[in-house]
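What follows is a pair of complexes built around chain A, which joins chain B in one and chain C in the other.
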Partner chain A sequence: MISIYITSFIVGGLICVIGQLLMDVGKLTPAHTLCTLVVTGSILDGIGWYEPLIDFAGAGATIPITSFGNALTHGALAEAEKHGLIGVVTGMFEVTSSGISAAIIFGLIGALLFTSKGNV
Partner chain B sequence: MEQQKYAHLEKELSPKTPLLKNIVRAFLTGGLICLIGQFIALFYITYFDFTERTASNPTVATMIFISMLLTGFGLYKKISQFGGAGAAVPITGFGNAVVSSAIEHKSEGYVLGVGGNMFKLAGSVILFGVFSAFVVALIKTILVKFGVVSW
Partner chain C sequence: MKNGTLTFSTKPSIHSAGVTAGPLENKKSIFAKQFDKVYEDERCDLPTNEDGHSQLMYDAVMIALSKAKKDVQKIDFFLTGDLVNQMTPSNFTAHSLEIPYIGLFSACATSVSSMITGALFTEAQQANWIVAGSSSQHNAIERQFRYPLEYGSQKGATAQWTVTAAGAVLIGKNKPGFPSITCATVGKVVDMGMTDPLNMGSAMAPAAMATLSSHLTGHGKTIDDYDTIITGDLGSNGFKIFKALANEAGLPHTKNFRDAGEEFYGKDPSFMAGASGSGCSAAVFFSDVYGKLCAGEYQRALLIATGALLSPLSYQQGDSIPCIAHAIEITAGEVAE
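Moving on to the complex of A and B:
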């Protein structure tokens, strides 16, 4: 039970280090870095490597943005398994819905509550 | 001055990117955010009816909520300055991108400002995430249909 906290810290940290290397060594902008990581997560789920990582590291694998790509692919594949090709489109947001809806809702609430003083 | 000499001088004078320092900071910040996520997941597993698989959904939403508060009080910017990619890569960085553009464009009104700019930074992540998921899922579904791989 304790080990999941250690692995989540290490795996989550390492994914962020990969992002930092893409930015510093690969000279990518932060937006390019995040897009690269999302696409990577989606491909890793396609070949079936991301789910074992979640089992191993818990939040260390589900909190980094790579899990967004993984969850999109995972939802699409789960639905495709049931309904065939059309499931790729209908299932895409099945798993990620909470991330997107939370971002929209809290984005608006944040705008209602706070005013920019040049520090956001 | 000879070109070679100039290149050498330029290399010596330009500030070195503190790569190792950045990496250590990204590792610690990113690891800590994921550790907090793990504790929130544990909370949902213990007190609500979630399994280890399904707990990631409410965890992500909670992390974005925390990110909203930190962004609004101007703390997330400080975390980003310290942690670099360690603050940008976790889902809190995604939340920060959405919330900060929403707050920043508030003065232009709620429809054109907040609504129109909310996904200014995060939109590309959603676009490429969805498109790559579409391509990957399509390829895999077709491969399964032809019996090359299995689910």
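Moving on to the complex of A and C:
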């Protein structure tokens, strides 16, 4: 039970370290870093490696943005099995729709309630 | 060859100065006590960051005028600039002031380029009174050049913090007892091929060095002629490089060198390599340095404002960062020949 906390902490942390290195060493912009991680997660699921990572690290693999790429591919492949090529298009947002909706709704609430500040 | 050097035989005087700054600058800047007006709100209680930006400059001008007891109608020209697209904050300030206006863009070197231009107007006897200056507002400039604050983007240790501040000076004919402008050097654009917009101090240091060399050679001066040689916003990294370049160029020492950007927030690491922005050099030059010249603590100061002339589009397209530095020499009350 305790071990899943440790593995998820380490795996999640390592994914974030990769992201930090992309920004600091690779000099990527935050947007490029985000896209790189999403695409990586998507490819890893395509070759069947992301699911075992989730089994191993739990939230350590599902919380970082790589999981969004994984969900895109996962949904596309699942729907493709049922509906063929058209399923690839519809399936992509099947699993990710909750995340996208949440981003829009909470973004709106945040923007309505708060004003940005430059203070450190 | 002139190499950008200018001499002002009429020695126009700086009759007064006004500096305004935001709440964070009031809390964290080592110069806070010397600012004339600070605001509780970073938007100066106005709806947008850009409105606040205009207000900073407007108030700085009005403070400078009130110190010299000059009416705004008496001012012949208003020369200023900022970093927002098309310099709308300056344009709105100029509209409120109703003074004939030319917007100047030299990025963070505008504090000095506006003073040089103002001094030339006076020298040419085309104006009695000129207001020059520049300003920046942190939130507005972050959105302009990097990301909106809401994005919560990270910055590395070499990045600098755009200040919320404005500075204005009233330039007029030579008057004994007031700091006066004796000469200046307009810089060339220097581009060392650096492309990182989060390390602009290092990109600007060679431009500062080039202008310092032109100034010393062109005017036959040595660094010991100055009580201080102060750069605009190189920050701790850029300032280190600038001093190293000065040593390489054979200047004997750098003990009278200062950098407004490095000093502004007292080297607080929360502000990374230090302050930057058009308001940075203006706020320090027109409060601390101008004050020391008025008090006679400095007899002769060389202000070298530095600017990175990039746009968000130019660096996203992978272009390098062209940089500039303009220098102006101010003495404590030298009388016209």
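Everything below uses one rule, namely that the second predicted complex is superposed on the first by the 116 of 120 C-alpha atoms of A that agree within 3 Å, B and C clash if a C-alpha of one lies under 4 Å from a C-alpha of the other, contacts with A are read in each partner's own complex, and residues count from 1 in each chain.
The working rule: a residue touches a chain if its C-beta (ideal position, glycine included) is under 8 Å from a C-beta of that chain, and two chains touch if they have at least 3 such contacts.
Treat the numbers as computed from the prediction; the structure is a model and nothing was measured.
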Which superposed partner A:F68 touches (first chain B, second chain C, both, neither): first
Which of chain B and chain C A:S116 touches, first, second, both or neither: both
A:G12 touches, of chain B and chain C: first, second, both or neither? first
Touching partner for A:L28 - first (chain B), second (chain C), both, neither: neither
Per-residue contact with chain A, leading partner among chain C and chain B: B
Chain B and chain C contact sites that coincide on chain A, given as residue numbers: 23-24, 30, 111, 116-117, 119-120
Chain C residues touching chain A - in the complex, by the definition given at the top: 22-24, 28, 42, 138-139, 142, 147-151, 153-154, 156, 161, 164, 196, 270-271
Interface residues, chain A side, partner chain B - complex: 4-5, 8-17, 19-25, 30-31, 33-35, 37-39, 41-43, 45-46, 54, 57-60, 62-69, 72-73, 75-77, 80-81, 84-85, 87-89, 92, 95, 97-104, 106-111, 113-117, 119-120
Parts of chain A lying in touch with chain C, wherever the complex brings them together: 23-24, 27, 30, 111, 116-120
Chain B to chain A touching residues, read off their complex: 17, 19, 22-23, 26-35, 37-41, 52, 56-61, 63-65, 67-68, 71-74, 76-77, 83-86, 88-95, 98-100, 102-104, 106-107, 110, 114, 118, 121-122, 124-126, 128-130, 132-134, 136-142, 151
